[in-house]
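One chain, subunit A, links the two complexes that follow: it is found with subunit B in the first and with subunit C in the second.
Moving on, here comes the complex of A and B:
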């Protein structure tokens, strides 16, 4: 039965198959990209500790930091956006491992090239450094830059600043 | 033109009804399509299982991933190929596979990364979820799973974690979405970590959900076409 519908059906399904194949090829095309193109993180360090206080039994520190990083190499044609975030990690007696996002930013592929280079001083945190309890005083906190590659189609994968280039600071022993 | 088509279909159906041999043939044809779809579905589930087990076999972390009462692994935490083959034939514990390996994004809370109608592929075989991971979680007594990013991780000495999530496009974290009084998510609440995305495919599901009649119309039309179409 060579009706319009049979032909339409064939065209639609062939079209969908082609789209799917192209998506898979696009997803595969990023293989090896991270090996040769790594963002350059020049600086991520504490600028100023603004306060460390106890709010209803929970310790919270507010701070600002300097961030110089060139995220341009992380982009390729199948990247829709890069989600950049600063992670503070520290140890307490109740929790041997705490990781908290202090700041994040979405850099879209369509943003101008200048937006892909972060060069900012004295950035105030978006989310306070808040502990689960009241054990923040005197702790050593490590700041590390991480980023998530979010593709148009394909796999999500993470990147992070090399451990040996991260910076640490120690919170004061008294509330401030 | 549409009336013409319907008339044609009716004529074809009448012809079929008269010719029982033909009718049986076409019904078998229909059954074959349904069963091959089922086979593909089940096959995919099997492949997932085999690959999950294979991943564990090589990562040598099997010991901590399922209760090893049956002695699948030796004292080094390794599994022999023979045992691996056997293990593949047995059902996998629920908590080791995602409830569904694919979810459709229903809200704009992760825009611009994920939009309504995108589908996400999940992996729940990862033992640990970390800060920054996009995860799908479910709140107790609520049906719809949520796709958001992990903002905080607090790990207890026994390895147990407490998590806080937030949507990239939301102003505040997810405490308001959790059950009343719930402050943290736990590993058990998480259905899987998003590992891949494919755009627009979920639109079909959303359309089918919004207009349930569409389901019957679609299935009915497909059945009719299979029944009345002739080879060649």
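Moving on, here comes the complex of A and C:
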């Protein structure tokens, strides 16, 4: 503390230490937030199956869906953005557990409140529903909304639509 | 900067940064925006940099009283007792 440089160093690094502590406190302050604040998923269901085809030995289905969800409760002061995605899951004889992301969207905390409520009809998938093999026909597919909370400080954590509110549909037995 | 000044300077920036940081954190928590925490903390650090880094006169109010010099090699002078300045 006897020269300007030592004091400059002390002030700057003490300041950074305090900022680190404030950041940790911010992360700790919202532990348990999801217990009382869950996004409301009003609807996530198939709207129209557009096609199911075989491409070079691999099955691919294209479809559109309706999505009504209010993501506002997921936001709090330590959230930077929320990554929302629609997951299709189904079983085949080869693979008992398949999960495929069909669509996603980033909602930032700075977006207007209207952007945090997703109310869309007939959304075409961003990514096709592709099987590892050619076993997609006749399968029962479940659509579920999932999301990642990306915080300003602290750990990323996930959320998902309650299993009992998800919707399912069955793919046709023939290509179309 | 004397020893008392160094102690004062260190305590000053300690309390200023913690105070501004805490107030900003509480304010940001209730207004649901972490940027308030950062701005408040920045103000605290800026004030600390101005107040505590330069060698202001307030930090030199307790100059160190050194002992008198040890007598020279010729030994003409006995070691003098402490004189109060």
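The criterion applied here is as follows: the second predicted complex is superposed on the first by the 175 of 176 C-alpha atoms of A that agree within 3 Å, B and C clash if a C-alpha of one lies under 4 Å from a C-alpha of the other, contacts with A are read in each partner's own complex, and residues count from 1 in each chain.
One rule holds for everything that comes next: a residue touches a chain if its C-beta (ideal position, glycine included) is under 8 Å from a C-beta of that chain, and two chains touch if they have at least 3 such contacts.
Bear in mind that the values here come from a model prediction, so they are computed numbers and not experimental data.
Superposition model on subunit A: subunit B and subunit C are shown accommodated side by side without a clash. Of the two partner chains placed by the overlay, only subunit B lies in contact with A:132; subunit C stays clear of it.
Applying the stated contact rule after C-alpha superposition, one finds that A:14 touches subunit C and leaves subunit B untouched. One of subunit B and subunit C touches more residues of subunit A, and that partner is B.
When the shared chain is aligned, subunit C comes close enough to touch A:26, but subunit B does not. In the overlay built on the shared chain, the residue A:152 is in contact with subunit B and with subunit C. Touch criterion met: A:99 reaches subunit B, while subunit C stays clear of it. In the superposed model, A:83 makes contact with subunit B only, not with subunit C. Residue contacts after overlaying the shared chain place A:108 against subunit B, while subunit C stays out of touching range.
After superposing the two complexes on chain A, the closest approach between C-alpha atoms of subunit B and subunit C comes to 8 Å.
Comparing the two complexes, residues 1, 152-153 of subunit A contact subunit B in one case and subunit C in the other. On the subunit A side of its complex with subunit B, the touching residues are 1, 3, 5-6, 23, 27, 80-81, 83, 85, 87, 94-101, 104, 106, 108, 127, 132, 146, 148, 150-156, 158. Across the complex, subunit C meets subunit A through its residues 1, 6, 9-10, 13-14, 17-18, 21, 24-25, 28-29, 31-34, 37-38, 41, 44-45, 48-49, 52-55.
Taken together, the subunit A residues at the contact with subunit C in this complex read 1-2, 4, 7-8, 10-12, 14-15, 18-19, 21-22, 25-26, 29, 76-78, 152-153.
Those residues of subunit B that touch subunit A in the complex are listed here as 5, 112-113, 130-134, 149, 151-157, 162, 168, 173, 194-199, 225, 229-230.
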